[in-house]
Amino acid sequence: GSTSTESSSSSSESSGKGKGIALAYDVGGRGDQSFNDAAYAGFEKARKDFGIGGEDVEPSDGESDADKVQRLTDLARQGYNPVIGVGFAYAPAIKEAAEKFPKTTFGLIDDETVKGDNIANLVFSEEQGSYLAGVAAAKATKSKVVGFVGGVEVPLIKKFEAGFVQGVKDTDPSVEVKTQYLTQPPDMGGFSKPDLGKEAARGQLDADADVLYHAAGLAGQGVIEAVAAKDKWVIGVDSDQYKQKTLDKYKDSILTSMTKDVSGAVYNLVKSVHEGEPKTGVVRFDLKSDGVGLSDSNPAFAKMTEIQDAVKKAREGIVNGDIKVDTTP
Amino acid sequence: MKKFDKDRLILALGGPVLAIVVAVALTSVVLVASGRSPVQPYALMFEYAMHSDIQVLIVNQAATYYLAALAVAIGFRMNLFNIGVDGQYRLAAMVAALVGASVALPGPLHVLLILVVAMLVGAFWAGIAGILKTTRGVSEVVSTIMLNSIATSVVAYLILPAQFGEQRGNNLTTGEIPESGWFPGIDLGPAGEVYGFVVVAALCGVLYWLVLNRTRFGFDLRATGASESAAIASGVDAKRMILTSMLISGAVAGLTGMPILLGDSHTYSLDFPAGLGFTGITIALLGRNHPVGIALGALLIAFLDKASATLDYNGYEKEIATIMQGLIVMAVVISYEAVRRYGLRRQQQKVGEELAAEAAAADGTDQKTRKEVSA
Amino acid sequence: MSTVLTKPAAQQPKPTARRRLTLAEWMLVVAGILLLVSAVRLITGAHGITSVGQTSTALRLAVPIGLAALGGLWAERAGVINIGLEGMLILGTWFGAWAGVQWGPWTGVVVGILGGALGGLLHAIATVTFGVNHIVSGVAINILAVGATRYLSSFTFEEMEGGTSKQSPPIESITQITVPGLSDAMRDLNDKHWFLVSDVAGLVGGLVTNLSLLTILAVVMVPLSRWVLWNTGFGLRLRSCGENPLAAETLGVNVYKYKYIAVMISGGFAGLGGVFLAEVASNIYQEGQTGGRGYIGLAAMIFGNWMPGGLALGAGLFGYTDSLNLRGGGQNVHALLLLLAILLVLATAWATYRRKFLTAAVAAVSGLVLFVWYLSVDEVPSQFVTAAPYVATLLVLAMSAQRLRAPKAVGKSYRKGEGA
Amino acid sequence: MANHDIHLSVRKGTVHAIVGENGAGKSTLMKILYGMQKPDEGTIAVDGREVSFSDPGDAIDRGIGMVHQHFMLADNLTVLENTVLGSEKLYGIGARARARIKEISDTYGLGIRPDAYVEDLGVADRQRVEILKVLYRGARTLILDEPTAVLVPQEVDALFDNLRELKAEGLTVIFISHKLGEVLSVADDITVIRRGTTVASVKPSEVTAKQLAELMVGAELPSPETRESTVTDTPVLEVKGLTLTENDVVDGARTVLDDITFTIHEGEVLGLAGVEGNGQTELIDALIGTRRPDGGTIALGGEDITSWPTRKRREGGVGYIPEDRHRHGLLLEAPLWENRILGHVTEAPNSKGVWLDIKAARSDTERIVDAYDVRTPGIDVTVGSLSGGNQQKLIVGREMSHNPRFLIAAHPTRGVDVGAQAQIWDQIRAARREGLAVLLISADLDELIGLSDTLRVMYRGRLVADADPATITPEALGSAMTGAASGHLEDEGQDGGEDR
């Protein structure tokens, strides 16, 4: 038979604007309360603002690059533009698909190793935001012990750890940082098992930690729950977790959150495509561009002037290049 | 013998046909119950699978499944339950990728080296379970479950940049295998490329059949699976057999990751497909450990996997395909069992009939033989 | 000569191979292990290995595994292998959360158990009525459960406030109790880091702190299973179906009925394990939450020699090593290397005494390797820490597997009236 | 059809024997009476009232108890548990039940240990547990399906005493056997079954064993007697000082074979008598090579084969008719021709090099089916669908086809019908004439005495006595088997003999 590309709607591809935005998720998918959901938020906002259509697609278990290529191809040939791969796992697939559909813009989140004329690499400097979280933690701790809970021990999460640890140590070298990962790849359960997060957090709390920073996706909810039960501080991740509805019960313990504006990244890419000037190449979201940052929606946090000052100072240092933040611990 | 052949045909086809019909019917019930069209999802999936690029995807995926299922089936034939194919192929693919990326050899040799390494590593990992079983009596079911998790840790450790891996962006990889270590594919133009390894997988199936059905070793293996005690009495060294088949199973498991590694990704990274071993179990069961059956099973599951992608675009849940997979497995095994029983009953009946007829005919001579015997 | 029947057996009866350790002996063994652990703790300074938090986390992590293992026990004691436990756990999490969100956690518990039992029923239909290979049926149930819960989620949770297609809204939590006074006293004692005393305090403290009522319920299930299976007529009938169903049939036991009941109870236990994951371990249903605990439960049951006490021990081992891993693993597991090395030295001595020189040699070499490893690093890499529970299980099984004994007719298909 | 047109009436308070050759349908009939199988037509009446049993529970309620041909005991449960199973309501499962068991055991002299595990019991003990189970349920009618098959004569006598005692108390016993001597000595009435139907009902006083036999098989009963001796001086199998210990986790080593020494010559059948469980199985295992002895040597034709693996021994000319053909001799779900290969996969005509020679194996299977009169519709049917006798004939044919020098024949005619039995005996005799050495192990003492050139008795892992088959009686053999006699057994009544 014919290929799926030839048979249907290859016409719509040439029709310029296409049908709207397409999001292809990585493992976890929509509903992870984390960066997949953030991507979805940007997607929704863009659809509303620009009045366009859209499609978001989940992966299946144990799929290979070929499946991702097929997914991107399917989306591109149906006329979606831009097509965004959420997660670095899409890198090889985007490279292949982008060659097949030169007129479609492909967004690739969290990866800058794959380049192309129609590829926008949306990357974040999580280490910078995490550095600020480290500064806040070092200032907020009374016991001089703070903790980091990572979901799965992958380089991306190690970036969070690296920034956090550096931030803590630069602020107060006497503060001890406990580090804990929940699972090892390819067991991605560490992002989706709140019970593990809860127990890991308890372990750190028992070891006297009083400010915990988590980068554990959904499992982070367990961390927050455990910390709240002990009335200590927790620092959220990705979105402003103080405002998250499901965490309403614990919000008083959420000191701040290290935000990673995946939503904005998606939105801006769509916007650029919509306006006919699609972004390509590396688009970095860092402190400078407000792509990452530290939220202060918790009024208690906003009132801690000493911490706010320290954070502000660190922020300036990073933005003007005085402070270099490592990406590996 | 004519009658038996007709029966055999019924027996061979009855099981799968009955099963698919039942599974489709049950899935439709689920669909109707949730207020969906009971037929449109199938139509969508078939339509989608008519495209040649999807067919290529299905065939490629099936090749991978096929190898995993063969590995499981070798164990099953011996009454060994190798749940560890998953860990075996992941570890094997990772080490093979490491080796492949760090040497430069002329084409065929390079590929051969990678394959040998993969098979050795797979066999080694399965062999641990084999040795634990033969020397310490540890159930391979438990040990392979444990070894799967341990393999995860070992891979996670080895792939660290501090050990043998490299970091590339946010991914960890083993480094790229140079082109001399790629397995050439069959280019079908716009439809894509069929892995060259599909041919190897098919050859493995042929070899599996030959070894099992046409060699002394295969006979011993099947005998051990059918009745360990009888096999031991017949001269099979059961422990050695367990170890050997575990090693072979592991070696084949080691090949499972190769179609992807040599034909597509050329590197082992964090997102290398996991869980193929478990699908392999399903497929071995579906195919009743027969090389052709497994091939059909692999194609069927690959079809459901790939074609279900279209459901998402059309407002259906992709999970329908997963439900169908479960129902198919259930229906297949139940209908096989029903058909098998029917077959056995028929046979017993035949034996009885034939003997009765013979006895009636030979009643006179019968008496005579007895006299002779006692004389 | 005419009274052979009144004579003792004409042949030499096999000396009984089933001598069991008495309670006192068990306590000695336990005391010995505690002593060792305590010593290792003092040597290494890894006080975390017997802290209150450690024990309490271990208990919480052990419960779902233990419940799955109990599920395995009930099915296998009646002769049915249940590798579908994983699927039944999944059903338990989903149904438990679905009902828990809407009608409160205790309704969730009941519905979750029923959900698991539904999986059990399916397994029973396939294996008992249709005589399908038990493993095959179990695998099919695992696939089905994944598909069904995902499918159902997109109709239910996704439409609920705060839920998505992968996750339920939060469920109200079940009451937790802490034995007042005792808990604090134990914690204080534990913090003193005294030899042995603090370790015992850590154990006891962990068992009386932050106990969910569901945890208590789950723990009670172990002796209860033991009592029902071994001390009631019902249990005897059930076990007879796993040992020799034909003999049971000839005595008027309805083998099918008992197998059905057993497998459904098995599913129910797995379901309860699922509810525990959704309601106590966390407070939501989450896709992939069970993470292979059904398989681990099965392993724990085999590890425990198909006995309630043994499987509790097995689940405890998993829970403990898992919790070590989650609570600042590196250092603790490092301490355990020393413990393991010492145990292997003891094993070497024992094997030498029993003149099993090969075993002794293997134990000695492994012990030495561990000891060198212990000395050469300060912390075990986190990748290996994660593997600790599995390696520990393999080691223990390798040392004890030959003594294990499955029910005789387990896994065999049985047809009524087709007996010899 | 296993049964048709059966007429049977049993008087209260009597011992009613049912005789018939193997496969005649006796067990099937009893299973119907006990509710385990349903009759297609016909009626059953108990105490004059018509009944219909849907499962054994119904039969038990009607006071019917059955001791099955094959033990129906769960090895891993205790005697107590096996006994109370299914009747927990009677006396519970605890102390009351234990007391009741003790009481029954004492009343009938059964010597039961309620807390012993069944797997630790010997055959006779298990038999007693089976009887206990029936009595425990207060059965008034006992069905005993071939209870004597595994007992030595003395145990049989004791059992019969028990049966008479039961009868005296007004119980009814249905007793199945094809050992006619026993039947005549214990029964009040006899019903004969042939090919699934009742052919006669007689009184023991009115028939002789010979007449009964002819009724049973419709022909003369064959006898296992061996006419002329073919024993030569050439030793084929020499076993010296064979010792085997079993390792027990708890109790350490235990000797199961103790200094076994014997020689079998060309053309000689050495009969080995012994109660099951006294080391015969282990001896066979050691000879065929599935267990390594701890001491001693085995030589075949002068060559030391002690360290040879099983396969090499079989290739070297050891034939093997296993005692449990379903466990050790056949692949039940495989076709006949594959079973023909089993055990000889490395030998012609089954294989060439590493490859199987399926064509040759199939045609040789056809030959065996013909030559050994295996009644089957073809060689592609599964061997499990054949009757026991035909399965056994296939095994004998297979083993004989490889010209063994030495044959291990363990219970070669167990569970085999009379016709097949005679054929198997004939084949063993024929091969012996051509110089085959045979180790014959059998629980059927008539067979043992009739077929052997030399007799040895095994007791607790040792060869404790020998006897001349020409003069020995089953009773004398029996007393040596229970350990009551040892040394050279002269003739009947001579229990003593010098002790070792």
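A few comments on the model shown:
Each chain gets a letter, A, B, C and D, in the order it is written, and its residues are counted from 1.
The rule we apply is simple: contacts are C-beta pairs under 8 Å (C-beta built on N, C-alpha and C of every residue); 3 or more make two chains touch, one makes a residue touch a chain.
The structure presented is a predicted model; accordingly, all values stated were derived computationally and were not measured.
Shared contact partners of subunit C and subunit D are B. Taking each chain's centre as the mean of its CA atoms, D is the chain most distant from subunit C. Averaged C-alpha coordinates put the centre of subunit A at 38 Å from the centre of subunit B.
Here the CA centre of subunit A is 37 Å from the CA centre of subunit C.
One simple way to say how far apart two chains are is to compare their mean CA positions; for subunit B and subunit D this gives 43 Å.
Remark: subunit B and subunit C have CA centroids separated by 30 Å (rounded to whole angstrom).
Counting partners per residue, subunit D has no residue that reaches two or more other chains.
Residue positions of subunit B touching 2 or more other chains, listed in rising order: 152-153, 156. Shown for subunit A are the residues that touch two or more other chains, namely 153, 184, 187. Contacts between chains, counted with the stated touch criterion, involve the pairs A-B, A-C, B-C, B-D, C-D. Subunit C makes touch with subunit B in their complex at residues 83, 122, 126, 130-133, 135-137, 139-141, 143-148, 150-151, 154-155, 292, 295-296, 298-299, 302-303, 381, 383-384, 386-387, 389-391, 393-394, 397-399, 401-402, 404. Considering their complex, residues 48, 50-55, 57, 60-61, 64, 90, 152-153, 155-156, 167-172, 190-192, 260, 264-265, 270-276, 279, 305-306, 308-309, 312-313, 318 of subunit B touch subunit A.
Contacts from subunit D toward subunit B in the complex involve residues 1, 217-223, 288-290, 309-314, 320, 322, 327-334, 338, 341-346, 351, 354-356, 358, 373, 375-378, 380-382, 385-387, 418-419, 422-423, 426.
Residue ranges on subunit A touching subunit B, taken from their complex, read 1-7, 26, 55, 57-58, 60-67, 70-71, 73-74, 78, 88-89, 91-92, 110-113, 153-156, 159, 184-187, 328.
By the touch criterion stated above, subunit D contacts subunit C in their complex at residues 34, 36-38, 55-60, 66, 68-70, 72-77, 81-82, 84-89, 92-94, 109-111, 116-117, 119-125, 128, 133, 152, 154-155, 157-159, 161-162, 248-251, 254, 275-278, 460, 479, 481-484.
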